[in-house]
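The chains carry the letters A, B, C, D, E and F, assigned in the order they are written, with residues numbered from 1 in each.
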Amino acid sequence: MKNLLFVSRHAPYGTGIAREALDALLGASAYGQNLSLLFMDDGVFQLLNAQNPSKLNQKNLSANLPALPLYDVENIFVHSESLRARALHADDLVLEPKLFKVISSQEVAELMNQQDQLLSF
Amino acid sequence: MKNLLFVSRHAPYGTGIAREALDALLGASAYGQNLSLLFMDDGVFQLLNAQNPSKLNQKNLSANLPALPLYDVENIFVHSESLRARALHADDLVLEPKLFKVISSQEVAELMNQQDQLLSF
Amino acid sequence: MSTLHTVNKSPFSHSTLASCLSICQPGDALLLIEDGVYGALASSPQAEQLRAVHAKGVRVYALEPDIEARGLVGRRLDEVELSDYAGFVRLSSELRCVQSWY
Amino acid sequence: MSTLHTVNKSPFSHSTLASCLSICQPGDALLLIEDGVYGALASSPQAEQLRAVHAKGVRVYALEPDIEARGLVGRRLDEVELSDYAGFVRLSSELRCVQSWY
Amino acid sequence: MVSRPLVFSLAVYGAPFSAQASQTAYAFAKALIDVGHRLERVFFYQDGIHAANVLAVPPQDEENLTEAWHSLAREHQVELVVCIAAALRRGLLNGEEAQRYGKPASNLAPGFEIAGLGQLLEAAVTSDRLITFGA
Amino acid sequence: MVSRPLVFSLAVYGAPFSAQASQTAYAFAKALIDVGHRLERVFFYQDGIHAANVLAVPPQDEENLTEAWHSLAREHQVELVVCIAAALRRGLLNGEEAQRYGKPASNLAPGFEIAGLGQLLEAAVTSDRLITFGA
């Protein structure tokens, strides 16, 4: 079993990157690997609650996030400095606090160094 | 005759924007309008001398710039703050100083306000 | 003769908004669209600069469908008004030229 | 266990390099590619931060074909070494993982 | 309805799906027509040209932007012009170009025409407003 | 030649011409093979899928990246895999998909195959190194 970390760094909706990152992660869940997901930089905006892209004819990207544990995503990490720079707090987010872990820059570095591969988005 | 300003704000080679901006400008020269070109932000990197993209299998974007006056481009403007932020000086550039005018942010605003249309790249 | 500026990039990851704000003049209008609407947040790196250009007479708007999409309803600076697509059309007809910052 | 970081965006217009530098650790390597090579300039907004991570043990490279393409030969910081594509391959095999910052 | 109708043209530089620009441009186009202005031309350049690819199969619950542009153009006499240089490089061809370059198929959607870059300049000259939607 | 050959896979997310990523990925691919490593798979996703469009007509003095990938793959037994979901949305189809969706043509270049997103994960699992080329 390999350790694979998906790194998602882009805001939702403005480009297709955030969505296609999530699609790749969901598609990966069938392969029985040790999958983790890290939100950082503008990627933390994917976690903001009350998203409603119906007028853009796009799917609500945040709707799938609470179901990630069902997809065998072992750990969801959120970069603390990225949250802080955007003044986002735990109660602004679509995930319950028990579903993710807020980690420092130092811990992001350590997390990357524990992986077998990084999937950078 | 209309006043049309092409605004070129992106670095060369990393994306196709700078090149397709220049193509659009050259294609515009046959229409007998009052064409101007403004380089600002990373667009000023298009002016840097000694570019050599042969190993990237790309054309040298800066090679066409000295010929712009032949294409009826009346005025070439370069944003001073963009040069300053990148520590670029007149002798770093591929254009002779007489071929372009360095203008301030205030003058960029005035220039935009004198146009009939802006072509934003 | 004034200009409508549109900005479609997040100010947390791109310098696009900062560039635009350094050019905006009194009488101009600024419309934040797409990922540019993150520039309406009080935590935006350009929040102070945005307030300053607003104070000197630049009207500032954010496209409501983009604000809603990203969950930013109720989180925007007081200086930023909401606009729908019809408002975007109105702004672009009122003002002479449109500069798209992307 | 260390990581190779690649950065392909200009630090004058994107915060990509700044983000990467805040994560790099001693033993990691950083390779500037494509428009990322503007980060090798002394005038880069992240020049000081780049020098600092270099001083604490992060090796810093720039892809030579991209440096040449953009006219940056002879303009780079002393801390930045040149690498060709074979060097990029070597770095990515020496280090365990590659994080692409784009 | 507006008291003084203007003639608009749009320049679209982002690909559907990959960049929101094409979606924003379409919403803007509908809105300007709704309030009584005239949309003369939409010029697709850079990655914007992918909006004219008839082979695109968007997800079932999403709008097909290619067909949406076509309908809008038909109902309101809008020219949908794709830059030929940008299209060739990116593999968007009409029947004539496919034949000229010995390619096995063409993929330009109905309602769109392929023309030179000069059409962008012409739109800038003949319209009251040219609005760029960049990616 | 390297003393310890590794198995590489690449993930390419940028379109030829619009982003340099696809060019960098190709140069990297050639270099890793030249020094004696093995390239197992190139996975084209997001806008990277446009590299597999057989209809692209690059400017005459420029490399045809689609053909270049094909040659490299043929000479060195590299799998060129295009993500089906990304391809459908963007109008890149093989014959089978064209038929399934009632489209008038197909445009997948020889040497490329269309497959599911799982192939990206599989590449990550079975290769020693996965390198992403983002746009």
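FYI, contacts are C-beta pairs under 8 Å (C-beta built on N, C-alpha and C of every residue); 3 or more make two chains touch, one makes a residue touch a chain.
Predicted model only: the values in this text are computed from it and were never measured.
**Student:** For subunit B and subunit C, which third chains touch each of them?
**Tutor:** Intersection of subunit B and subunit C contact lists gives D, E.
**Student:** Treat touching chains as neighbours: how many steps, at the fewest, connect subunit A to subunit F?
**Tutor:** 1
**Student:** So, comparing C-alpha centroids, which chain is the farthest one from subunit B?
**Tutor:** A
**Student:** Which chain is most remote from subunit E in terms of Cα centres?
**Tutor:** With centres defined by C-alpha atoms, farthest from subunit E sits D.
**Student:** Roughly how far is subunit B from subunit D, centre to centre by C-alpha average, rounded to an integer in Å?
**Tutor:** The answer is 28 Å.
**Student:** Quick one: subunit B and subunit F, Cα centre-to-centre, how many Å?
**Tutor:** 34
**Student:** Taking each chain's centre as its mean C-alpha position, how far apart are subunit C and subunit E in Å?
**Tutor:** Going by mean C-alpha positions, subunit C sits 25 Å from subunit E.
**Student:** Mind pulling the residue numbers of subunit F that touch at least two other chains?
**Tutor:** Answer for subunit F, listing residues that touch two or more other chains: 13, 17-18, 20, 46, 129-130, 132, 134.
**Student:** Would you give the residues of subunit D that are in contact with at least 2 other chains, written as numbers and ranges?
**Tutor:** As it turns out, subunit D has residues touching two or more other chains at 8, 12-13, 15, 34-35, 65, 98, 100, 102.
**Student:** For subunit B, what residues touch not just one other chain but two or more?
**Tutor:** Residues 13-16, 41, 56, 58, 116-118, 120 of subunit B touch two or more partner chains.
**Student:** Okay, what are all the chain pairs that touch?
**Tutor:** Per the contact definition above, the touching pairs are A-C, A-D, A-E, A-F, B-C, B-D, B-E, B-F, C-D, C-E, D-F, E-F.
**Student:** For the complex, which residues does subunit C have touching subunit E?
**Tutor:** It is residues 8, 33-35, 63, 65, 84-86, 88-90, 92-93, 98, 100, 102 of subunit C that touch subunit E.
**Student:** So in the complex, which bits of subunit D are touching subunit A?
**Tutor:** Those residues of subunit D that touch subunit A are 1-3, 15, 19, 22-25, 28, 96-102.
**Student:** Using the touch definition up top, name the residues of subunit F that touch subunit A in the complex.
**Tutor:** Those residues of subunit F that touch subunit A are 11, 13, 45-46, 85-86, 116-118, 120-122, 124-125, 127, 129-130, 132, 134.
**Student:** Enumerate the contact residues on subunit A facing subunit C in the complex.
**Tutor:** Residues of subunit A touching subunit C: 10-15, 41-42, 45, 48-53, 55-56, 58, 62, 85-88.
**Student:** So in the complex, which bits of subunit D are touching subunit C?
**Tutor:** For this pair, the touching residues of subunit D are 12-16.
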